[in-house]
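Each of the next two complexes has chain A plus one more chain, namely chain B in the first and chain C in the second.
Up next, the complex of A and B:
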């Protein structure tokens, strides 16, 4: 059978994507907002919001998640930046292979990796339950490190060599070259790395469960409410988490924009 | 010889070969279906033709039975790994020493056997759609989302919730007719269990109007007898004992943990000599252990926070492995899983024991209930559902399920002595065994603890091990109470308490911790500041 030649206009081509966005982004968000501001019988209420912020325990968990996420992100950044820098800039003959070695753990199922890590930590510490915070940071760092290395590696690889040479020619020492040229130019990589680790670190409670940290983070708190069919409180906490992430993204995004302007001025 | 039997039993539970074989079969069947079906589909999409081809195939299969034309579909949901899936090896056959020397061998899966039996007995073709769930909450959510099942097997608090929400179909009068030979459940259920199902009510209706028991057990402590004495393990307080910091695991669900906390909270009252000797001790324990007033919940919260500090982990499954590998010394456990843990450890010549706290224990059940939405007034469907419960309660099938799962059935056997013979087969000592003792199980089997027909001569260590866990003695059952389903308000209070326990409590931070956090924040701010002011710092002079 001969296919008839059909032409789509640009608008028509957009329809599936618009539908997708509506069904899987806008609509679910609207449902969450609806549940967050209603009670069990569907009446409007602010009680869910107030009960979260009037309970020292839930606020404690918000702080705890933020601290864990910040620690994990920081450790990831400190480990990943030198690695990505060496891989991308030092002209290693087998650069891509080495990169692959760092990324390869990602190809192994994470429950398997964590079970192995659990055994290693047990040998090192004797008893896992004595250092829940430390174990969580180690496990999450191990799990999220590739997500930090990859964007850093890509940005550093694309760095224009001539800019660095120009900086040295104009008399900047190695430290100055790094802090005034390399680091600012790699900011986009740093920021995407941060968003890719900070966010899951606040919610990925499977890791905590597996590493036997019995304290809730935001993700487990949401899960626990959903488990007892309390969709309203669960949705409210999802919304609060959403707001926290939005604020953090805005701050880092703003910093990036300022930075871009500065850089323009300097250049 | 006894150990040999044991190994066989353990082997079965680890043997995944049957499932693999089933998978291969399913793949082959699927491939054939795939190869066959597209052929009629090529005829310019004649759907009617496909339909007739498919139904023709089905009727071809049923020619063997006396099909009366009607066909019932029964949708069942049960726990994972909670029914015999068949495919036993020949040498796995259980040769019982009952009156008829019955040999039990699971050839096909229980579901297949049921379909065949139902067709043979009632002349009606039944098609069972069997699915599994992982937690009571998963099942409940599935029931909320849609009308998916006719017959399900949740734990007692979940079927109490379903009764309270008026979502269950009552069992028919015929189901309770003891004259009917096929009514294996009512003819075989243990009087002890039957009494509990008759006397426990929700909204004034007894459980037995809606629910038929499947498996049951107690809750207690699995412990390593070389490190922990039986006396220590026989009190709930061990779960919060600083002496065993990081050496005990606790159940990761609010009901079990709350029960343990109440056990610790009320220890003095429950062990008071006057209380112990009072004639209505069981009722009083039930009252104490089902308190949900604000004061009790607040006190339980403190104890649970203490337990959280003290515990190795809150677990729902990993505790068994951690116990077997020796990572922890004691493990809050359900009796069925306790038996499994003890069996597993025994493979490595590692001997664990099971204790039930002196204060009290929580007796739990998994039971079959029919959904009102699912049955929907269809008498044929209800008959099939009730027949399924009865088929699962037929003594030989009870043994098959118990052997496969390792839990204890609520069925004592009635006229048949097969189930007692199976208990004896599992735990009875060999004749040449030296260190043995008499273990009465009459309380469960005949309602009379001194019944000489129900005394197992077992090796002495079984007093603290699998036999004790599977068939608790009378003194344990005299302190075994049901944890009730709490109403909305009390439930919410307990759930909120649980959230509080599990959340991070800022008050637990010491000044050293605050100092560390402060230092971290200062360093972070300094780093950001240096980055922002880098132009000034690195400006070439």
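Up next, the complex of A and C:
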């Protein structure tokens, strides 16, 4: 082939990235599926799947992590919504600067922040393992709060003022304006906030490890199979988690299109 | 009344978020080894932090890894975004879907799957750092892609065509016309990559060489062991990082403030011309 025939085209730029995604995103998933449905010697088996659903421990862990995740998400939402609302809508002079105050912790290494929290909680409570559920919720809320505040703030900031004025002109009281106009319009922010906290809360088991919690969440199962080199069962847990994540993503739809912004890309 | 209530809510939440870090920062300047009794001012934690070889190597390693991963991720992600932006919608949908996977997926699952593929199936040694770097790039590149894409969509597509008509080669047009317009997206993707990589725990644990530690893996191991010397040195580290973040935020604000003003000025000038 002559060099002349190979013309540079803008489209070709995506080839390296497409290959990269195929090799290190799609292929790993395929390998996980393969390992999840085979046994140690590579024969097809459903044993991993069945043992997950017949084992009281693993099912218990799944339920426990769903409860933890729901509790953490709810607490984060209840704390973060008023914060985002005040920052975005109450005409603070230095709104964006104050926002930085609430976003900044996201850029400090989370293990270091948790060490700090642990020291404080130990002073307040003594033995942290006495209240495992409470401490897990506190620690995760502490860690994930900025990720809930940011998407809520962005949505509330973009809210069309004239709609709120129209509602109150048409006779709605402040409560009605909030519940029937503001809240429904901030749904996209709420949804991306929920996806930013619910999934990590189900999987981030280091937080539990660091706070000395004896109970397990879904992520810990992967960790413990990894530690004993059980790739097959580990893959099955990963696959189940991935399925849960896919389901949640499908339900919430395009909620996290702006995910880059939600992670704190405010340049 | 309403104002007081809302300000006290903000203050309360801010306290919850900052008190642990601030208390630790305070104690990092004392000789105390536990929170409670204050035992006199001392900088020995900072001396330990910067002179202990183990700690220094760990910090430098983490930063180098973050920079390296961010550079690779920025190049890959930007090329990917430009390429897909001009591709057929089928290609675009496929790449966008694959791109979304690491973004929504749990870090543990991403880490575990990469670990299995590279280390168990391909048998790549962890000591080569290849799995670690690839893992971090997988974590970061999708966010670069997501930061660059909106910039491409905002771009005036006529400029590229104009450059071609005026005799630029496609490569020149890309380099001189397209890239400059998406620089803010690339920069923001790069910064985001750095913070993601610095904050990562799972990808690192599952793919790192046994003798190498990032800040996260080191801290988690240190909380299991009970070496007081190291524990209080980590308080100092947390304080240093806190200060660096504050500094970065201030610089960023100043920079974007100036940029905003410049934009206002140029708008004003344009209006004058009209």
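Going forward, the second predicted complex is superposed on the first by the 242 of 267 C-alpha atoms of A that agree within 3 Å, B and C clash if a C-alpha of one lies under 4 Å from a C-alpha of the other, contacts with A are read in each partner's own complex, and residues count from 1 in each chain.
Going forward, a contact is a pair of C-beta atoms (placed from the backbone, for glycine too) under 8 Å apart; a residue touches a chain by one contact, two chains touch by 3 or more.
Keep in mind that what you see is a predicted model, and the values were worked out from it rather than measured.
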Contacts of A:163 with chain B and chain C, given as first, second, both or neither: neither
Which of chain B and chain C A:50 touches, first, second, both or neither: neither
Touching partner for A:78 - first (chain B), second (chain C), both, neither: neither
Touching partner for A:251 - first (chain B), second (chain C), both, neither: neither
Which superposed partner A:145 touches (first chain B, second chain C, both, neither): second
First, second, both or neither for A:123, with chain B first and chain C second: second
Superposed model, chain A: greater residue contact from chain B or chain C: C
Those residues of chain A which chain B touches in one complex and chain C touches in the other: 122, 266
Residues on chain A engaged by chain B in the complex (per definition of touch): 55-61, 63-64, 67, 70-71, 74, 122, 127-130, 171-173, 175-176, 179-180, 183, 212, 214-216, 220-221, 224-225, 227-230, 266
Residue numbers on chain C that touch chain A, as the complex places them: 3, 6-7, 9-10, 13-14, 16-21, 23-24, 34-36, 76-77, 79-87, 91, 94-95, 98-99, 101-110, 112-117, 120-121, 134, 137-138, 141, 143, 145-147, 169-171, 174, 184, 187-189, 191-192, 195-196, 198-199, 201-202, 206, 215-216, 219-220, 223, 234-235, 237-238, 241-242, 245-246, 248-249, 252-253, 256
In the complex with chain C, residue positions of chain A that touch it: 7-18, 20-22, 24-29, 31-32, 35, 79, 82-83, 86-87, 90, 97-98, 100-102, 104-113, 115-120, 122-123, 142, 145-146, 195, 199-200, 202-206, 209-210, 219, 222-223, 226, 231, 234-235, 238, 241-242, 245, 249, 256, 259-260, 263-267
Of chain B, residues touching chain A in the complex: 137, 140-141, 144, 245-247, 254, 308, 311-315, 318, 327, 491, 495, 498-500, 502-507, 517, 520, 524, 531, 534-535, 537-538, 540
